[in-house]
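Look for subunit A in each of the two complexes below; its partner is subunit B in the first and subunit C in the second.
Then we have the complex of A and B:
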C-alpha cells in the first residue's frame, strides 16, 4: 500500500533508521536473539558446567511426567483465576466510588495508587510483617478480641489466600485508574435520559455502565492475567513458595531448575510453556489495541 | 450515593491502602525491645531513629542504595533518549518497513523477561555482562510502551515546525534536539517517571544478573535480608522505609504525569 506523502513528512530511509538503531539493536540482541536461542535450548540437555547435547523432544516428554511442573502450573492457575476476577471487581468497585469529581478526590486516588508504586519486595516485606504468626498485628488484634491466631503465611491454604489478597490490594489502584478513564468517557446524557425514564440506579449500572465498560474490563482482565502468570517476586519474599510447595509457581520453578539445579535446557522447555500462555493473552491484547497501533 | 457516604467509603479505603505503609513506618521507629513485646503498642512508646542508623551501618546498605540510584538514573536517561528518538522516527518519517518495525517492537511485549531468563543469562555470561551494573541497565533499556507513548505524542507536533526548520537548513539531529525534545517535554516526563519507578523497583533483572555483593541493588539486598533464617526486623523495617523514599519523592513531585501513563493502557515499563 502506497502511503500518501503528508505535509512536512519526509520520505527518507537513512535518518529514521539511524534514530531507530539503538532500540532495534537492543530488541534484537536482548529479546529476539534470546527468544530464538531459548527455543533451541529447549531441545538440548544443557548445563553451564557441562556440555550441551541435542535430545529432541525429550525435555517436553519429561515435562508431562514431571509432578513438580504440574504442581507449580496448577498453583499458578489457581492464583490467576482467583486474582483476576477479584482484581476486576475491586478496581471497578473502587472506581465507582472514586470517579465522581468531588473536592479532594485527587488526593484519595493518589492514596489508592500509592501501593502500585512500591516494589513487590517492599510490599511483600510490609505484609509479611503484618501477617506474622506471633508478631503480626493482625494476629495480635485477633487474639486480643478473643479469636484464635491464623497462620496466614505458614499454612498451605491460608498462604495462597494471603498472596491473592496482597496481590489484589497491590494492583487495585492501578486498574482503578483505567476504569475511571472508562467511566469518564460515558456521556452523562445516557444517565440523564435513564433518570427521566425512572430507571433505578442498579439498572443504570447493569444496562449502561457495564456494557460500555466492557472493553475496559477486557483490558484489565488480560493485563492482570499476564501479570499473575509472571508472578514471582511477591511470592519469593512472602512465602518463598511454601509452606511445602503450596505457593510455588511456574517462574520460581523455572528459576530453580535452570539456575539452582543447572538444568538449563529443561528450564528453557518450561519457559516455552509459559511463553505460549503469556503470548496468547498478550496477542489477544495486541489484537484489541490494534486500532491504536495503526496509523494516526 | 450521598456525598457523605461517598466520603466515608473513600476514607475507609484510604485507610486500607495506606495502613501497611503506616504500620511499617510506625514499627520502624520502635526500639528492638518494643518491637517484640506484648501487648503491642500502636504508636511507638519511645520513638527512636536507631533502626535507621543501624540500617546504614549494617551490610553496606549505602552501597546498595548508590547502586540502585546509579542504575535507575542512568537507565532512565538512556531509555528516554532512545525511546524519543524511535518515537520521532516512527511518527515523522515515511520509509519502507516502518510499520513492520513498529509492530515488531510492540510485539516484544509478548516476551517478558520471565520467559527468556534462561537464555538471557547465558547470553549475558558470554558477553561478559554478568555481575555488572551495565548488565542490568542496557538489556531492558528499550521499552515498547515508551516508544509507543513517544510516537503517539510526537504525532501531535505540527509538521510545519519541522518543515520550517528544514527550510532553514537545520539538520535532522538539530531538529530532534531543538524542536522535538522541547515540545515533547510532557511525554518525556511521563516516560522518565515510569522508567525510574520500574528500574528502582525492579527485582528480577538484578536477581538474574547480579550475584556479587558489590553490585547488589536495594531490592536485591532487601530480599536477601528476608531470606535469612533469623530476620533482623528492626533494621529491615527501617531499610524498607528508606528504600521507599525516592519513589515517594518522585510521586509527590510529578503526580499529574502519573495519570497519563496509568491510563495509557498496558504499561509495561
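Then we have the complex of A and C:
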C-alpha cells in the first residue's frame, strides 16, 4: 500500500509560522496577556498603586447588588437596541442609493463617509455646540424663528435620543461602504431574470437583495453591536453621562470605578461581564444567521 | 586564524578606547549628564513659562536637560498613575492638591533631601503646605501656585441697571445678590441668567462651607455630610436653578459657564482664580472683575493649588530636588506666577502683574478668611474618590429624581465606604 503524505516538508510547515510570528507576538503581548491579566484582576481587591488581595468571586457577588451597575447596564442596552437597528437600516438604505452608477455618486458616498473619519471627541464637541440649550445653534435658529427651545441635552429622554441620533449619523457612512461591497457582489443576472418575470422593485429587494446581503447584515450587526456596547468617548464628551445618570453607560461606570474610585479589581469584574454580554450577543447573531441558512 | 586575530584586535581597540574615554571624562571633571523627565499640564501657558523660568538654571547647569511631556489635564491623572504603576514615574511633575493626596505613598518626601526645608517652607501659605503634607507630617511637594474659588462679575451689566457692584459687594449677602440679580436679569435684555456655576463639586463646596457645613468630621476620618448645613447648601443650589438664575444647561447639560459668561449670557461666574488669566485675554466687549463672595453663615472661598514634586521611583532624584528648590524660591516663583497669571503660594511674593492685580487681590482676600478645614476636607483621598459621585447626586437632586436630603445621605454613605 502506498503511503499518502499529508504534511509538507519541515520548511513548508515552518515558513508560514515564521511569517505569522511577528503578528502573533504583537497579538499575544497587547491583546492576550492584558486580557488574561484583566481576568485575573477581577478576582482581586486591587488598587492601582496598592497591594492586591485575592477575594475569589466577591467582586462578582458585589455586582449583583450594585444598583449603579444595573442602571448603567440597562442604559447601555437601551442605547444598543436603539443604535444597532437604526444603523443597519440607515446604512442599508443609503447603500441602495450609493451603489447605483449615476453621475456624482462618488461625492455622495464621500459626503456620507466623511463623519466616520472624524474622531469621536471632535464629533462630541461639535454636536454639543449644535445641540446646546443656551449656546447651541439649533436652539438659536428655533428661538429666532419664534419657536420654543428644545432641551436636547438637559432632559433625560432627549439626551438619550440625541446620542442615538449622533451615533447613527457618525457610523452610517462606514457601514454603508460595507453594504455597497455586498450589493456589488450580487450578480446582475438575478435582477435581469426577475425583471423579465415582471417582478416589482420591492419584491426584488425582498427576495433577491436582502437574502443575498444576509452575511453583510450579520457582519454589520455584530460590529455595530460591539461598538455600541463599548461606546465611551462620544458620550463622555457630549453628555458626560448626564443629565444625572440618564446616559451613563457601563464603560463610563467601569472607568469611574477603576480610575477615580481606584477599585481596579471591581472595574475588571465589570469588564469581564461586559465581555460576556458582547460575546453572547455576537454568538446569538451568528447562531440565528446559521439557523436561517440551514432552514433554507 | 586571520579572522580570530582581526576580531581580537578589534576588541582590544574598543577596550582601550573605552578606558581612554573614561579617563578623559574624569580628567576634565565634566558633570554627569542628567536628562530629567518632566510631566506637566497646562491651564494656559504653564509648561512654556516653566521652561522660561528655569532658563537661568539650565544655563548654570548645562549637564541638566529637561525632557518635558505636556499632557492634557483630562488624561493627566490616568497617565501619571499608569507611569507610577509601571515603575517609570517622571523625575518631576506638576500636580494638583487632589493628586498630592491621591499619591501620598508614591511621592518622595522632601524632608532630609532639601537643605533647610523647614525654614524654606515657612515662606509658603499654611493652607498650601497642608495640602502638600502627608499623613506622616512630611512635605511631599512644594506649592507653586495657590488657587481660590471666587466670583467674577460682568460689571457693565450691573452698571446698566444702576447698581454699583464694587460698593455693593463689599458687604453683601446672598439675599442681596438675589435682589440685585433679579433686577439685572429683568432689566437687561442680553443677560439671561444670574450665575454660571462651574460643573465641579469643588466649586460647589464654596456654598457648603459658606452654609457652615463640611464634607468630613472633625478628625477627617469619616464623612459628615448628612447634616442640616449640607442639605441647606444643596437646597440653596437648587433654588438658584428653580428661580432660573442659574442655567440648567451647565449642571444638567454640558455647556461651559465660562463661555456663557464671555458671551454676556450670565452676569456672574463662580469659578477658580485661573479664570482671571483667561478672561483678561478673551473679554474685550464689557467691563468685568472679581468681587467678594456673598456671605451666608460665613464668607468663604475654597483653596486649592498646584505643586511640584518628585517620586519614590524616579531615576534622578538628586537633580529633581535641586530643580524643585530652585523653581520654588522667591525669584523663580514670582516670575512663574506673574507670567502664568496665577496667585502665588508664597507669603512673601510681591508680584507686579501686568494687569488685573486688583482681581487677584480680591481672591486673596476671600482666601484669607477661608477656614483651614476647607483644605483638610479636600486633601482627603477618600473624598476625592467620590468626586464624580457627588456631582451626579447633586444633579439627580436638581432633576428632582430624588430629594436633596436623599442626595446628602447617599453622598455621606458612599463616602464612608472608602473610610472603612
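The working rule: the second predicted complex is superposed on the first by the 249 of 296 C-alpha atoms of A that agree within 3 Å, B and C clash if a C-alpha of one lies under 4 Å from a C-alpha of the other, contacts with A are read in each partner's own complex, and residues count from 1 in each chain.
The rule we apply is simple: a residue touches a chain if its C-beta (ideal position, glycine included) is under 8 Å from a C-beta of that chain, and two chains touch if they have at least 3 such contacts.
Quantities reported herein were computed from a predicted structural model and do not represent experimental measurements.
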### Query
Of the two partner chains, subunit B (first) and subunit C (second), which one does A:74 touch, if any: first, second, both, or neither?
neither
### Task
Considering only the touch criterion stated at the top, classify A:153 as touching first (subunit B), second (subunit C), both, or neither.
second
### Task
Report for A:240: first if it touches subunit B alone, second if subunit C alone, otherwise both or neither.
both
### Task
Quick one: name whichever of subunit B and subunit C touches more residues of subunit A.
B
### Query
Between subunit B (first) and subunit C (second), which, if any, makes contact with A:200: first, second, both or neither?
neither
### Task
Could you tell me if A:114 is touching subunit B, subunit C, both of them or neither one (first, second, both, neither)?
first
### Query
Which of the two partners, first being subunit B and second being subunit C, lies in contact with A:256: first, second, both, or neither?
second
#### Entry: Overlapping contact positions on subunit A, where the subunit C interface meets the subunit B interface
48, 128, 135, 237, 240, 259
### Task
Within their complex, state which residues of subunit C touch subunit A.
77-78, 81-82, 84-85, 102-103, 105-106, 192, 247-249, 252-255, 259-260, 263, 265, 385-389, 392, 395-396, 398-399, 401, 418
#### Entry: Complex contacts: residues of subunit A adjacent to subunit C
48-50, 128, 132-135, 151, 153-154, 156, 237-245, 248, 256, 259-262
#### Entry: Residue ranges of subunit A touching subunit B (in the complex, touch as defined)
3, 5-13, 15-17, 19-20, 22-24, 26-27, 29-35, 37-38, 41, 48, 94, 97-98, 100, 102, 105-106, 108, 110-115, 117-130, 135, 137, 140, 144, 169, 173-174, 177-178, 180-181, 219, 223, 226, 230, 232-233, 236-237, 240, 251, 254-255, 258-259, 264, 267-268, 271-272, 274-275, 278-279, 282-283, 285-286, 289, 292-293, 296
### Message
So in the complex, the part of subunit B that touches subunit A is made up of which residues?
### Response
1, 3, 6-7, 9-10, 13-14, 16-18, 20-21, 23-24, 27, 35-36, 38-40, 82-83, 85-86, 88-96, 98, 101-112, 114-123, 125, 138-142, 147-148, 152, 155, 158-160, 162-163, 166, 172, 176, 197, 200-204, 208, 219, 222-223, 226-227, 233, 236-237, 240, 243-244, 247, 251, 255, 258-259, 262-263, 265-266
